[in-house]
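Only one structure is covered here, and it is reproduced in the block below.
Here the chain labels run A, B and C in written order, and each chain numbers its own residues starting at 1.
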């Protein structure tokens, strides 16, 4: 059976790109991915963007971004799943290529968070929560994370400072990522004294929202050009799972069931167990979500998800590295685009292109993006593929 | 042609009516008068008109407060809210200038759509006006049950004398047939003239008042006229009453007018709340009555005389029945709300009351 | 101006009126199309008592548009005595610290203005420490 192969990757730096528009940001990432793939013209474009219609006041991106990047006439649609929009777009592209409907598909995640400033921006981001029953009470994504963290600390007796290890690890790894938004290490004192956002959560527990665009070009192995310069990575599993949208409808708000099920399904497709991977690009939109991602994937017992990071297992030279290029916390969180950044970073590791952050001999990666508190969970398994010739 | 004319001035309905249920509400925040004096009067601590006043929180207004008082009243009345044919809120701080508070209160407490629900306004006697109307609706057999509410989140001009006392609170009354009442309304009488002692023009944020003109020609004139006429027409004197409740803009006025009508300090004590919650305007006489009902015994008689600037007074003669004992404990008492207290400073008060220009 | 939307939701919001499933008696809030317990159709109105306990809470330092002037405010998950968990703000908090498990009761309060200071007023449920 043919494989779905990552033929090209591209990304812009993550940051506040006051001077770059949505369409230009997307085009830069798209062109970078196409160049990396030897100039392939994709047969489809799947766009992941969460805020474009509310903050950039621009819908119908399929028509806009194809034409703007020299891909007039190519089929293009936008996929939305809150912060997992780009990850879900990748899943759709994978389905399109593996089904044979198209030979190649370009995925671009793009977000222009800075197109609007002020409290209207916060309410646009809050569209990912239940509008009628959560947002109306002043709930934002940060409020949800605060509620989850508070309950977690209560049920397991975990102290606040146990979470510091996650943002500190993210920042340490971002130092060597030229595309990261924050490239300085995070001191423990800075974490302890960070201002509260949604108590008990503080500013260092929350990944900063930013602008960015990243792109991945998927090609089916029987349509690959023969002269690609870089190693190849194939997609061996991809799964989208949803949970009840609002926290109050969950049987257990700490279970992150969708995250666990999507890991299970993606791994089953790939024929592996979660612990068989060399790295896990998990979702650290909030430090508590990273903790629960480890627990939901059965990589840490319930209530002990902080320990692997505190004890160094998740460092670059550890047993299961996470956030290898800075994660959402330090590389930055361009919302709907983040899921594509995670795939690009995992691909860099598997190709041996991660520079100073290279995990030696990395061959298999687990990538997971969450929309909200695992209201949507998208998980992929990527593997180095040396057999194409 | 002969014109029918009643021989008595009293307002008496065709069938006897009474109070079936009652309920109060006071917000939890308190602004001490010394705090206002700290900002506006060089920090003086003596000669202040009251101890402290109740202040509505950021998420409270006449509608939310009326809903809670109404729920308490219905809990005591033990009737289905669907039997109410009128929900009438009297206030001078309705949240909308046009759109009744009463429709929202009615919907929130679960009435059906077969109701009257206009708002009432007559300064501090808006609630008792609604009460008289409820007596008429029920007493004429047009309806069996009606809800009359007096509630306010009154405002005073910063630094003005009224800022010390303008407080938030009020009470709700379910009016129904006397056979079911915990207190029967024997009669009422209203005395109204056009007297410009206090007003607020449309669009103005704060009211104007006539300083000392608000005393003798306004407050004292109308309360004594209404109260004395009611007593004379009923053939009663202060000695026939256990308690009296008067409108209370400050601590001194109700004590003085009580003496003028022959009442003692003891008789007005349970209903004199202004020292600890301030002048709750359209809620004042109504909540003074609820505090009195909280302690009254079967057979006790209560005289209530409100006063609303503009000006007028509504006087009621009320007699408590046996049913008070079985219904009194079915909801929170006035004293429970008064005891629930969080002190705030002037800056917090200014923020809560929307006196800061936010835009 | 989202008038129709707020008008649609007023019964639930003003009085915590949810549903009782006629097939399995499960109490449901907020109302929905399908019973989360048995999957049957649920439509019968059910008025909740408003009594519950705090399941979790968080203090928001900044609010999104429409809520900035209320900050800091507290959002909580409340476990109603009848079973469902509901999201709501906590209000009327005194000096007592909030604790998971503390008993609370429903009150109807002003949630926000729809839009700006000229918009309609949106009222709904919040919870306060029991009187």
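Convention: a residue touches a chain if its C-beta (ideal position, glycine included) is under 8 Å from a C-beta of that chain, and two chains touch if they have at least 3 such contacts.
Nothing here was measured: the structure is a model prediction, and the numbers come from that model.
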Item to complete: May I ask you to sort the chain touch graph into line, ring, star, complete or other?
Response: line
Practice prompt. Report the most central chain, judged by the distance from each chain's C-alpha mean to the global C-alpha mean.
Written response: C
Discussion item. Can you work out the whole-Å distance between the CA centroids of chain A and chain C?
Written reply: 32
Discussion item. Quick check: how many Å separate the C-alpha centres of chain A and chain B?
Written reply: 60
Worksheet item: So which stretches of chain C touch two or more other chains?
Response: 70, 89, 111, 126
Fill in: chain C - residues contacting chain A, complex
5, 9, 13, 30, 36, 55-68, 70, 73, 75-77, 84-89, 100, 111-112, 122, 124, 126
Worksheet entry | In the complex, chain A residues that touch chain C | 118-120, 122-123, 125-126, 130, 132-140, 142-143, 146-151, 154, 195-201, 246-249, 253
Practice prompt. Sort out for me which residues of chain B touch chain C in the complex.
Written response: 28, 57-61, 63-64, 67-68, 95-96, 104, 107-110, 332, 336-337, 340, 342, 358
Worksheet item: Where on chain C does chain B make contact in their complex?
Response: 10-11, 14-15, 47, 69-70, 89, 91-92, 94-95, 107-111, 121, 123, 126, 131
